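Please find the structures below.
Same chain, two partners: chain A is paired with chain B first, then with chain C.
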Partner chain A sequence: MRRGWRWLLPLTAVPVLALLAYGFRVDPREIPSPLVGRPAAAFALTSFDGATVDLAALRGKVVVLNFWASWCRPACYEEAPTLERGWRAYRDRGVVVLGVDIQDHDEAARTFIRDFSLSFANAPDRGGKVSVDYGVYGVPETFFIDREGRIRAKHVGVVTDEIFRATVEPLLR
Partner chain B sequence: MACNGGASERRVGVRTVVLVLALLALVATGAAAQPPGPRVDEEQVYDVASQLRCVVCQNLSVADSPSEMASQMRVIVRERLAAGQTPAQVRQYFVERYGDWILLLPPRRGFTLLVWLAPLAAVIVGVAIVAVLVVRWTRRRPTTAPPPLDRAMSERIRRELEQEP
Partner chain C sequence: MIPELGTGALLVALTLALYGAVAAAVGARRGKAALVESAQHAALGVFVLVTACILLLVYAFLTFDFSVRYVATNTNLGTPFYYRITAVWGALEGSIVLWSWMLGLYTLIVVLRHRTSARELYPWVLTVMLSVISFFLLVMTVAAPVFARLSPVPGDGRGLNPLLEDSGMITHPVALYLGFTGFTVPFAFAVAALVTGRIGDFWITTTRRWTILAWYFLSLGLLIGGWWSYHVLGWGGYWAWDPVENAAFMPWLTGTAFLHSVMIQERRRMLRLWNLALVILTFSLTLFGTFLTRSGVIASVHAFTQGAIGVFFLSFLALVVLTALALIAWRWDDLGAQGALDSIVSRESAFLLNNVLLVAAAFTVFFGTVFPLLSEAARGVKVSVGAPFFNQVNVPLFLSLIFLMGVGPLIAWRRASLDNLKRNFVWPVAAGAVAALILRVVGVRPVLAVTALALTVFVAATIAVDLLRATRARRAMGERALAALGGLLLRHNRRYGGFVVHLAVLVVAVGVTGSQAWSVHTETTLQRGEQTELGGYRVRFDGLRESQESNHGKVTGTFTIVGGRGAGEVLEPAKKFYPQEQSPIAYVDYRLGFVDDVYLVLGDFARDGSSATVKFQVNRMVSWIWIGGLILTLGTVLAVLPERRKAA
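Let's turn to the complex of A and B:
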């Protein structure tokens, strides 16, 4: 009896230690999106150029949907050239890059677009409806939507040239 | 002159009609500007918002956060309730987009059921341990009670106590 009790205390520490070992290895900011694999929510926004950006009209194309903000330093500043490069490299192969500017001031956003000479469509998400529809909890977040309009991948953080290529290429096959 | 007077009189009449029409239009647009659908219970909006995690904060609910994102989410909650959705449906709308992570209270199923059951299990185990110990302590007392004194011994104790100054 006594011997059994003596083992009990270190034994109770095992599950606690296991939980801590698991918990400290997990990045709490990496939250799996339930949207991957599901149809992308429809939206229509008006871009900074005054054009209508309608996701439904882009069916048949691979869409790289990027949520950004001019106040998002340095991540959004780091990935802006990548997105522009990716757009230029893949536009002829049926890829559309779309920027959604969230919780921003128009003037600052326009400066951002001008500074990086962004040539793909960028639209402000006034009211935040599109951001919530995509479960966005920070910037930058990028969704990769296939030709059938299904979200195939979500990337949180800076998109690099390598990530852009590696995620878009399989969707073109 | 008379004709003029008549015209001015008519003008006043027209002016009154225009004024009344304008007032009516104002009332009409005022009514139209009100949010559509049934009135939303602000308490219900607060109740739903307080169950949702503010996604850009650390440990704050959508109801408590002053951030712009949270205020936009409160607007969405209000609009959905106004459209006739139940609080559970509004919660589900956010869960479908953000996952269970958006809920400040982990759901009572699956893996997160552990969070609810573990404290309960700990209390039960704790109570059981205390119960076992209490039973043991109370049972030990009679067995360790001093053996009854015999006559000679009690006589000796009495004598020795009397000798004390």
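Let's turn to the complex of A and C:
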């Protein structure tokens, strides 16, 4: 090796370090769902208000399907106001927000809904069938379903206003 | 009170460490002994202060001082006494305190041992060690403040991660960190050698024991980690190629390579550059390991939390790697080889091949671990690399390494004659071949298992041949057999310590082979009184029982082994329900045996106790892995004992 060239030696480490630095930008918990692109599994639940929530009846609308639970602190508590805001902002443009409460006590769930003044439909998933159909790992998880009833995106963790808007807007075009 | 005291102590320690690092370097350059001496005092001060921090933390845990956030998040009023102490290093912040403390301890030992013996290198060693400590102290004060206050003070804490309520959690992190931090010493000596230009063999001979000790603790840490995984996690395995395991395994591989390659430099003056590169790589991999486990860059079952800390570790890793490589570039002209390889059939080349294989294994593990990241960066696709990849690539590498383990210690230096080969290897090769034949005849199917076991027999036979020959030589001089053997081990303790360690690795290899090839498992639902059979064991389900422990509820299943080995023994796997956890934690019960482990994990159950699902495994020869750990300890002790050979 000629004298000058040897100083390039330290540079060999740079690509590896750069790759590791890149790691900060990605979230390892973001697991791609095989369900994305597939038709959303049908379900019909009875909401806490006693109304029937049937996914099939929502064909033609964009559905934001959110799995939550009252024991899911702090994530579900953080995103509840976002979902309510999103629902109010987009309901007139054909967006429906739907909450599915899993593995919960009814009373705690009702308190949660009351505390956040949630006005969109929320239903308990008794027996956990719906969350199994959607392959829910943990709460919160949110599925975005297009007008044709296909799952177009899945979000793990807290939905922010930005995520809500950026995911829903393209589905409305 | 404790947060203020602790933070104060940390800040003073950080200042002292930074001062010491600079003072030692300036003292060395200007030839001022007084400055170097003041750096020594700084090192002592750092150690005392970090010790005080640990004691403060222990005190805070024992007195449930929930004004310390770290205490509040890792313990609650129900946490048993014993685990309140291990909780000190149970999470990110505390683990860094323990880490710094060990570094401080090692620095102190370096001061005591090498102050006079390694005059020229010593100040720079001190500079490197204190710089590394400074980094960890900086992390402790800025990125992961262990003494952060929690306000308002909660009435009770969140509690320790239930999986960490295990005796393995005392020894596993301690051993692992002793290993990780231990490699700082040879690294510091290597950097000192580069800085001073004394890149001869001195730094290598001086750090031999340090390297062995660090390697030993790392090995022990890995084995205890395997034991923890085996008896706590409840999947019946001890190794999953999880990123965090890989993080500890990579420095082990390169450290093992280093341990062997230094012998060539000692003996033949070769591989100077290679040895420097290996020790730098090993130390960098220990940092990389901490980076992986603490940055949240790669998902893992037992990664710590994430946050700003990742940026700190990556920056420090970059600093270390770039500085070390720049130093090598600077000394490039002095690093040329002196000796040359005389023949392919020689001990040098066996060691060299061993190095190539070990580094290749480290590289594949590294590649597999960061591949998900690489794939995402390059193509935006998330993939995961699982056990099949690691096994497929590494098993042939490890089998070749086992083979070399038999060849290396016996083959001649420089050039092995046909006579030398015959003398040493005819019997071992025959033994290996016979073993393979017997295994086939007995009906052992898996080719890999037969190969692995035959190789093991081959290596064991080389050790036996060597010992027999040496003992016979001593007996010829009139010693009695046992005395001859004992004298041999003690007098040539370095060589035979190495042999014992090799034996330990063989025992572990047998355990791994056996468990991979012959373990069986099933999952079945049993009604009360019903039996099930697996691998020659019959187990009966006798019912469930509920109980309330200090910090969790517990449902215990009672299973009795009926008939066969262990008949009448009762196993009680359980499910533990911790209020702070969303899902129950399995509590495994097992009956360990020399050949078979009976291993039960409780699954779902009917509330009335009428039926339960149980995961029933018969794991073969797993105990050999743990026994290997014990032998490893013996071998290491033998290898680091002072050499008596010269006195004789």
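The criterion applied here is as follows: the second predicted complex is superposed on the first by the 144 of 173 C-alpha atoms of A that agree within 3 Å, B and C clash if a C-alpha of one lies under 4 Å from a C-alpha of the other, contacts with A are read in each partner's own complex, and residues count from 1 in each chain.
By our rule, a residue touches a chain if its C-beta (ideal position, glycine included) is under 8 Å from a C-beta of that chain, and two chains touch if they have at least 3 such contacts.
The model shown is predicted, which means the values in this text are computed figures rather than measured ones.
Trainee: Once the shared chain is lined up, is A:127 touching chain B (first), chain C (second), both, or neither of them?
Mentor: In the superposition, A:127 touches chain B alone.
Trainee: If you stack the two complexes on chain A, which partner ends up touching A:7: first (chain B), second (chain C), both, or neither?
Mentor: second
Trainee: In the superposed arrangement, does chain B or chain C reach more residues of chain A?
Mentor: The larger set of chain A residues in touch belongs to C.
Trainee: Looking at the overlay, what does A:22 touch: chain B (first), chain C (second), both, or neither?
Mentor: A:22 contacts chain C only, not chain B.
Trainee: Go through the superposed model and pick first if A:71 touches only chain B, second if only chain C, both, or neither.
Mentor: A:71: touches chain C, not chain B.
Trainee: Using the superposition on chain A as set up above, list the residues of chain A that contact both chain B and chain C.
Mentor: 31-32, 138.
Trainee: Quick one: which bits of chain A touch chain B in the complex? Just the residue numbers, please.
Mentor: 31-35, 103, 127-129, 131-138
Trainee: Within the complex, which stretch of chain C touches chain A?
Mentor: Touching chain A: residues 288, 291, 295-299, 310-311, 314, 317-318, 321-322, 325-326, 328-329, 332-333, 370, 372-374, 376-377, 382, 582 of chain C.
Trainee: Could you list, by residue number, the parts of chain A that touch chain C in their complex?
Mentor: 1, 3, 6-7, 9-10, 12-13, 17, 19-24, 26, 28-32, 71, 138
Trainee: Where on chain B does chain A make contact in their complex?
Mentor: 55-56, 68-69, 72-73, 75-76, 94-99, 101
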